[in-house]
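The data blocks that follow each hold one structure.
Same chain, two partners: subunit A is paired with subunit B first, then with subunit C.
For the complex of A and B:
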């Protein structure tokens, strides 16, 4: 449907598009990181593309994509990560960030995709092009730790600032908890042994995030 | 009153293995102690009856169980029939904290604070599996049951629970409140202020000048 868009993009920015494909009616163009802002601005402002709507920015962690039978998802019942990370070959580029763009007036849509290596997790921010990218980029930063260079306020949007790590990465321990207040001291009879609080020798009282200047026994 | 078998804290030990209470505690009964015990039991019954049938609730509604909570409160099931009439939207006026829905880690300090603001005596009901155990949200963001941070008196399972289950949980809680025993000469323990220990007697203790 939007093959004309990809043709247009290849015509005007021949060095920006790495590859392109169509999957079940959705056209995807993989673009270079250096050209992302230029491509986005062109796609928004050119009347042939007119992609004024940024519907979503999403990220994918491919660490276990090809090795796990579950398609990369870890099983919730299994301990810190369900796979032995040291034995698996490193997947590079490990992360993908997808920009789902749409045009209400012209009734077509396009997905831009950028591939990122895990040792250089940086992307140019597109907040200057679509204002809604502000919250989406904070979301991707919150869950995956992708740094958006040029973002005006790159802080966590859903999790609390005391949270350490990025929970949707595949090497984040499945049952790790980072509580804000100490838990009552009792054995976890329901969940059983495991790396979570109350199991495998982790005392319940040691499972909260240590705050620097706040006494954990007072909450006011 | 004994409509349902309540799980005993010591487990299901058969009656024949119970130690008789009289032989384990040295007890010297006088006429005065007897009279006091009779008075205690009558007063406990009266207090328990009053407290069990006038539960003001604080609904801490965070998720979809709230729809079921509305159903329990509304006409067909009508929790008010059982004495839990008023939802109070300040914890300082509430006796029963109903935790209705999933509790996030980010939310848990707020819940703890609400609980701390309630006046004694206070009770807590975990409404639905998310409040009881985290439910199927076994992930980084969800508190695995409200009893991780505050003590819970009664757990109502279900996703969401049927209104009948909530009524049943309320009846069990009322049974617990009714069976609580108040002692005439109990002293409230304040670990940091032992000098207050003799002054802080209960209402009935003051009445009897003990």
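For the complex of A and C:
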């Protein structure tokens, strides 16, 4: 059933589909980034496709896909990423963004995939097509740093604005530390105006007296 | 007083300005740790911005650094009121990657425990919406019913909530002798308590006034926002993964998918009660139809060998050792697997590179897209309506914030 969907897509947008395959029961179409919005709008609005449900946007970083070590010591080691990175060949296109789509009326599924090079991590936003794309795109931006051009509010969603790096990239160490964030300097009803913990001259908290901050390059 | 002031006017426009109010993150009615920044004009909500992530535990990152089996306890903690359903969704994904078919009895046990979990999840919603609208009795009834089921679940898995009981290829152990009968008896009481809640709330004037016509969404718009599960069906859209894409043995079960029409808080509440009754039907059918037989595949590449073989044969020891240290060797591939969670479509996007660890896992918690529509649902309503709307979408912090 979903094969018909891919045929339809190839027929109407011959220059948008790079390749397509069926894998373990999932139908996948790899589309060109420039055509993504056009393809999405077509798939949502055409009654033959009717993919009105954007279930999820997921991303994959392929950096260590073929070099990752396995088993025994490597499983327990926190240094796995560093070990892998030292031996990494350049992987391009490094990122894949997958759009898992579904149709309620026609009961079929399709996964659109866009491949991205690490030096040009930009994708057109599909928030204008599915409202739910808003948070999913923020999620992928938060975790992978993919920039969605045209998104109305592309900010971090799970993490805080001061967070450095993108945690689901494979070159982000599992147990990397982050800087402690001082409280914002704003008038507090209880404490009165002035700097809060971590602000000028005030220690971060009782456990951090005499310590300015953590070293983000170390592991805990 | 200005000279234009009319001393005879009885009504004059009260000058007012917008006010910003913080709800949460640590507020008992915010179910977990969501912060809601609400802009109010008087008591009317002009805008609301949900801020999530206070409960972010790095589910994906932790999972990518564990073996496929070690991920299982993390999935429990995604939705901590229906952990079985998360377990099932995840192991089904791994089995799809491997191409593994599990024994029939295990399929039945999965459907059975999954429906138990669905009931506990719905009872949590009923308890919360009752309590937060002032009906404490409802809370006590729902919690009594839920505890009853958690007793049965703990007899099965040894834990009330964080069960980690499913395994790739089946489940951890068989049902204890006599457990089915006990469950039947408990279900009678659970349905009785659900009926009590139904009687107390469904036609209660105060409850109906507080929920009917509040937080309305049309079916089309709900789908656009990525709604699934009871929240989508409350808008009249007939979409249930168990019917649309039957997995496990759901195609052998005789049950209905209750539908709402108005798409308001009241419908979202009432669908939960209707679904508990349907789940009860499924549980009864499972207990009746369940065939005897093995509960886990007899393939030592994926499932731990029985203890008799581990201690009694060199092959058993080796299989055990390799499974524990190296993990299940899942073939390379990428799948998206989706099941009907208690609050909607629970999806896992799994990528394997064939080296014993999940290469990438991303979860689609059904609450995530639903919570993103909260501003749309509450806008224009009164500040007191936030709580029933928020209750009726039954957002679970664990799966939303991962």
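The criterion applied here is as follows: the second predicted complex is superposed on the first by the 164 of 220 C-alpha atoms of A that agree within 3 Å, B and C clash if a C-alpha of one lies under 4 Å from a C-alpha of the other, contacts with A are read in each partner's own complex, and residues count from 1 in each chain.
Following the convention adopted for this analysis, a residue touches a chain if its C-beta (ideal position, glycine included) is under 8 Å from a C-beta of that chain, and two chains touch if they have at least 3 such contacts.
No experiment lies behind these values; they were computed from the predicted model shown.
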First (subunit B), second (subunit C), both or neither touched by A:111: second
Subunit B versus subunit C as contact partner of A:159, first or second or both or neither: both
Of subunit C and subunit B, partner touching more subunit A residues: C
Contacts of A:124 with subunit B and subunit C, given as first, second, both or neither: neither
Partner chain(s) touched by A:24 [first = subunit B, second = subunit C, both, neither]: second
First (subunit B), second (subunit C), both or neither touched by A:132: second
Subunit B versus subunit C as contact partner of A:145, first or second or both or neither: neither
First (subunit B), second (subunit C), both or neither touched by A:177: first
Which of subunit B and subunit C A:167 touches, first, second, both or neither: both
Subunit B and subunit C footprints on subunit A, overlapping residues: 159-160, 167, 172, 174
Subunit A contact footprint on subunit B (complex, rising order): 105-106, 108-109, 112-113, 116, 133, 138-141, 143-145, 147-151
Interfacial residue positions of subunit A with respect to subunit C in the complex: 23-26, 28, 52-56, 58-61, 65-66, 68-72, 75, 80, 98, 100, 102, 104, 107, 109, 111, 130-132, 134-136, 143, 156-160, 167-168, 172, 174
Subunit B-touching residues of subunit A, taken from the complex the two chains share: 76, 159-160, 167, 172, 174-181, 183-184, 186, 188, 190-191, 196-197, 204, 219-220
Contact footprint of subunit A on subunit C as seen in their complex: 52-53, 56, 58, 60-62, 64-67, 96-97, 99, 221, 223-226, 228, 237-239, 244-245, 325-327, 333-336, 338, 345, 347, 349, 351, 353, 355-357, 359-360, 362, 364, 368-369, 372-373, 401-402
